[in-house]
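Scrolling down, you'll hit the structures one after another.
Both complexes shown next keep subunit A, but they swap its partner, so subunit B is in the first and subunit C is in the second.
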Partner chain A sequence: MKNLALGASILIILAELLLALLADLIAPYSYEAIDLGNRLSPPSPRHPLGTDPLGRDVFSRLIYAMRITFIIAIPSVLIAALMGAAVGALAAAAKGFTDFVLSRIFDVMYAIPSFFIAIAVLLAMGSSVTGIIIAISISLAPMFFRLGKSIARETLTKPYVEAAKAIGASPIWIAFNYVGRQLLATLTPTAVYMLSTAIALEATFGIIGLSVSPPTPSLGNMISEYKEYIFVAPWLAVAPITVIAVTITTLNTLANELSKRVAVFEK
Partner chain B sequence: MRRLWINIVKGFLNLLLVFLITTAVIYFLARLFPGDTITVLYGEVNSLQDGRRILEAKLGLDIPLYIQLISFWQKILVGDWGISIFAGKPVFDLVFQRYVNSLMLSFTATLTTTAVCILLAYLSFTRRCRRLTTLVASISTSIPAALWGVMLMVALVLAKVSIPFGSIIMPLITLTIAGVGVFYTILKSLIDEALSEPFMAFYRAMGLTKSRLFLKALRYALPMYITAVLYRMGLIIAGAVATETIFNYPGMGKLLIDAFASRDYPVLLGWAVIISLTLAALNITGDVMQDILDPRVRELM
Partner chain C sequence: MFFFALGCGEKVPRTGAYVAVGIVIAFLLGLGAGFLFGRGGVTTVTVPTTVTHTVERTVTFTPPILQQYTSPQPTAPTTATQAQLLQNITLKVAMSTDIRALDIHFAMGVADFEVLGKVYEALFKIAWDGSKLAYVPGLVKSYSQLNETAWLFILRNNVVFHNGKKLTAEDVKYSLLRSIRLSGIGKQLLTDAAGNPIITDIVIANETAFILKLSAPFTPLFENLAHLSTAIMPKEIALKYWDGPITSIEDVIGTGPFRLVSYEKGAKVVLQRFDGYWGNRPNVKTLEYLIMPDASARMSAVISGVVDVAVGISPDMVEALRSQGIEVYRAPGVRLVLVAINCKRVLDVRIRQALNYAVNKEDVVKEFMRGYAEIATSVASPTFPNVVSLKPYTYNVTKARQLLEEAGFVGKKLTLLTSTRSPKDIQLAQVIQQYLKNVGIEVEIVQMEHTAFLKRVFTDHDFDLAIYGPSPSSLYYALTYWRTGASLNGPEYSNPEYDKLLDEIATEPSEVKRVELYRKAQEILWRDAPAIWLYFEDILIAARPGIKGLQVLPFQMLIVDNVYV
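And now, the complex of A and B:
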């Protein structure tokens, strides 16, 4: 029963990744193929999820949007995790003044509103995937920093670290073999969970028009486009929201199951 | 008690430091915006280099950067945040009214969310409907706040009820629905932690009723719950900003979108300053609050 939840969530995520990866082969239409003679048509065999106000196939657009969302979410989390956790561990090891300076830097990152970063990047370099990645990773990094610091601090007080020091292990060896491994084990579930936060942030940016700009579909900008037609075709906005709901729930379940296993391993 | 005060002063100094650095970063980020102040204000006047220089001097753009920064800090503290390019009103007045509206929304939403969470935790504590409460939490976290707003709109459209745009009700309901999941998960794990503590076994042996027991566990959980909520304020505010925009509530969210759409840089700058001050304050208050509310830490002082 326990393994069922883990297996199912891994399967769903893999299926979504595969869909996103093979979007060009799977999507029946291009995401920008406009068919004005066939606007807002209900679901049919030719268009499994119907068409949007410009006659574009919603199903195909969803698949491409999923691809963009993953292209944004995965690097954002990886950058935030690497930056936050590594620097957090450094702060824990260095203590004192270095710790103080690094902590304040991440306090500043926390205090700059993510929307403002998104807007600044958007205004400075135009709408781009890179800009959104920068904005999301800056808003996620402080949490990784906080966690990384406390995990590293705890690990460094463990008897096996003392023992390693006593037999002359170099700090670098301890950093990689003990602190690094501990961070990897404890932060993997967190990273999976943050992946869902990143997807949520992209959607939130998208809704107020700060995400990738159309016609490139992302789950966020599809919702913001389709919510204008809520009185004519409410199902349009529900489609991308459902995809997000499934993805986030799956990722949260996966993170939960993973952290249970890490907890058992630690006992 | 003395250590508590030292911590509060430390917290305040940290806040000041973070605020100064953050505003500096924001000030320079704003410099990245395309089109400098003069171009935005008066259009392209390349032919008149002299006029440009006079304007630069008048707006204080010709002095060294660090002096500009210091005068920027000075102006923030005095409340002189410049004039909105489009509304023509002082930025501070413009931002402040919206800020109060947003604070009211965030505050009431946090209260209603907490109330719902305590109710759910109580239900789950008396073991009447454990599965149901977990299900509610996971449904609530499945989509971010703004998307709950869209779903709510869809529901109202399908029920043929007119949507009350501009009022606080819709964003409030939306934020509550979206917040319950995260807050409940935190509260639940803290209460579970309390239940495994020896003092709870003691209370049980004393024969306290279930609801009294629950209150004791709640008392244990609350300090850490408040800290956890404060740390998540960044995401909550982000959600509130987007939700306000959807329902046309006159808060910081709508202000941001309008200022962005019209490239009203002074307003954008003012927006970022006030939000970052709030975030920094909440983050640092979280640390201090834990000291004040947690009897174990308090007694050590």
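And now, the complex of A and C:
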């Protein structure tokens, strides 16, 4: 049963990644091909998810939106995890004043709601893909910093680390072989969980009009564009909302399953 | 009730419980059926397609330059029978934006004029007969021209402010001075190209008579005095807020049919009928404006009956609303949707004309706007007097490409700025992008928050193309947008010949000659194409079927004077 949940969630995520990756081959139409004579048509064999207010194929847009969403979410989480965990480990190793300064900086970042940090970054940098990635990674980094720091500190007090030090292992060797591995094991489920947070953040930016510029679709700006049509063409908003809901639920399940396994492994 | 019946099963005979459950189920079924049939019944209602344009008082409009004018005697004040028939309706209106000012002299947006336009009145007012707009006396009873640069005005003598004070010439003097001093639009309307005031002096003759002395003859005087940005408030209020906007609700005092009673920022504005109003009192006793930025929310509010009227209905919603039995009113609008072309960056007029040829306006209006718009054939709405119909830039890709080639504008990139306030603008931007791509111009769309957008376009002039839609109050005012250095001249269009024509129009006493000058000015602007001229958006208003007599002005302003239920 446990394996079923794990397997199913991995399968769904892989399928989504594949769709996003092969968007150019799968999408029946271009995501920006406007056809004013064919606006707001309901789902049909020609357009499986109907057409939008500019007569564009919603299915094609949805696949490309998934691609943009992953292009934004995955690097943001990777950057946040690397940055946060590395600085966290450094703080744990350095202790003292360095630890104090770094911790206060991330405490302040942690205290401000991530959403506001992200908006500030976006307003300063403009809403490009890079801008959004930086905004999301900055807002996720404090979480990784805290985790990274506590994991590293705990690892450094382990007897085997003391033993390694005693036989003259270099700090770099310890950092990679003990701290690094431990971080990788514990942070992977967190990163998967944060991936869903990143997707939700991107969607929120889209809804308030701060995501990628049109005509490029993202799940968020599709919702923002289609929510006006909830009475007129309900199928429009349903498609991206469903994708977001399924993706986030799946990622959370996956993170949950992964962390259970890590816990078992640690015991 | 259901659980109660089951829980009592032990004590009362079992059949009793079944009967109770049966009753509940039958009741629920009945509700469901009633709901279904009720809706079914409503969908068959046929709905009028156009606004009923009833003109309450026939006021003959006399051209401004006539030497003398006396307005017809106002219809006898509310007779006894009418007072008996007066209804006390509470009308709730869903609005798309919040008001940004409590002060009519600081009003900028459609919402500001919608609300404050019920509270304040100007010396003249804009009348609408369903096809043309006209400028008719409002607070003024009669006027006469003393000489080329002096006009005598007599005020109506039964006008009272909401605080009970009688309207006097003093109030007019200080209101106009304040408008010119503080109001952005007032300044625009009542100063000349060099920035000098058009009205040099306001001489008070007696309590209800005053003379406006002008620096030079100014033919658009009455139409500009009809703009609500020159509305009249009590002298004490004007002096109290001489340097800044009115901040207290108690000081929002006008002469209009409604007075402001409460304002909750971002939520609602409540107006109450003013029983001392000089004209016919409306049947609407309480007028509530609820602020609902989301179009779907406005739509569901009017369907469910939370509000009686909803403004800002998009063309795509019309059918769905009608199928729910909601009436959709339609009026031609004065808002000209355009894509401004920065004339400092796109210098060659051939490129600007090519951009006009590149867009298929017919298709945009027919499909994108579902026919709820009119293709622009001039630079201002045909509902204004003196607007002519010019030779359209008919969709022609070959011609556009040829012009671009001649101008050496090939393989170029342009940025198109839009405001995130209107989803329709963002969609339109993508349509424009596609059309320009067809003639070989790459367009990058940049979305901006509305305030930042306005600054970028009208202050910094930092854009190539920008989508917006000015809503002028008269042809002359519309033309002044494009004057060299004008504050609303975002694209920095500048043509000395055009500027000179505007001055000539202002001073030309002969109406025949003036009409010709107006034509010339429109032709020059149209030809010089500082914008892609697109279309005039229709005003669409949804109202519950019980609301009768609602009227809509082309400025997206509701007229509730004749509303009844």
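One rule holds for everything that comes next: the second predicted complex is superposed on the first by the 248 of 267 C-alpha atoms of A that agree within 3 Å, B and C clash if a C-alpha of one lies under 4 Å from a C-alpha of the other, contacts with A are read in each partner's own complex, and residues count from 1 in each chain.
To be clear about the criterion, a contact is a pair of C-beta atoms (placed from the backbone, for glycine too) under 8 Å apart; a residue touches a chain by one contact, two chains touch by 3 or more.
These numbers were taken from a predicted model, which means no experiment stands behind them.
*Asks:* Contacts for A:Glu228 in the overlay, against subunit B (first) and subunit C (second): which applies, first, second, both or neither?
*Replies:* second
*Asks:* Taking the superposition as given, does A:Ala200 touch the first partner, subunit B, the second, subunit C, both, or neither?
*Replies:* First partner only.
*Asks:* Regarding the shared-chain residue A:Asn252, is it in contact with subunit B (first), subunit C (second), both, or neither?
*Replies:* first
*Asks:* Which partner chains sit in contact with A:Gly209 here, subunit B, subunit C, both or neither? Use first/second/both/neither.
*Replies:* Both: A:Gly209 reaches subunit B and subunit C.
*Asks:* So, does A:Ile241 touch the first partner subunit B, the second partner subunit C, both, or neither?
*Replies:* first
*Asks:* Quick check on the superposed pair: does A:Thr69 touch subunit B, subunit C, both, or neither? Answer first, second, both or neither.
*Replies:* After superposing on A, A:Thr69 lies clear of both subunit B and subunit C.
*Asks:* Is A:Ser137 in contact with subunit B, with subunit C, with both, or with neither (first, second, both, neither)?
*Replies:* neither
*Asks:* Under the stated touch criterion, name the partner, subunit B or subunit C, that contacts more residues in subunit A.
*Replies:* B
*Asks:* Tell me the contact category for A:Pro53 with respect to subunit B and subunit C: first, second, both or neither.
*Replies:* second
*Asks:* Have a look at where A:Leu36 lands relative to subunit B and subunit C in the superposition and call it first, second, both or neither.
*Replies:* Touch partner of A:Leu36: subunit C, not subunit B.
*Asks:* I'd like to check the shared interface: which positions of subunit A are touched by both subunit B and subunit C across the two complexes?
*Replies:* 209, 227, 230-231
*Asks:* Help me check something: in the complex, which residues belonging to subunit A touch subunit C?
*Replies:* 32, 34, 36-37, 39-40, 53-55, 127, 209, 213-215, 224-225, 227-233
*Asks:* Note which residues of subunit C are touching subunit A in the complex, please.
*Replies:* It is residues 294-296, 299-300, 314, 316-317, 319-320, 363-364, 367-368, 420, 423, 426-427, 429-431, 433-434, 444-447, 449 of subunit C that touch subunit A.
*Asks:* Which part of subunit B faces subunit A closely enough to touch in the complex?
*Replies:* 14, 17-19, 21-22, 25-26, 29-30, 32-34, 138, 141-147, 150-151, 153-154, 157-158, 231, 234-235, 237-239, 241-242, 245-246, 253, 256-257, 260, 263, 268, 271-272, 275-277, 279-280, 283-284
*Asks:* Along subunit A, where are the residues that touch subunit B in the complex?
*Replies:* Its residues touching subunit B are 104, 107-108, 110-117, 119-120, 123-124, 139, 146, 197, 200-201, 203-204, 207-210, 223, 227, 230-231, 234, 237-238, 241, 244-246, 248-249, 252-253.
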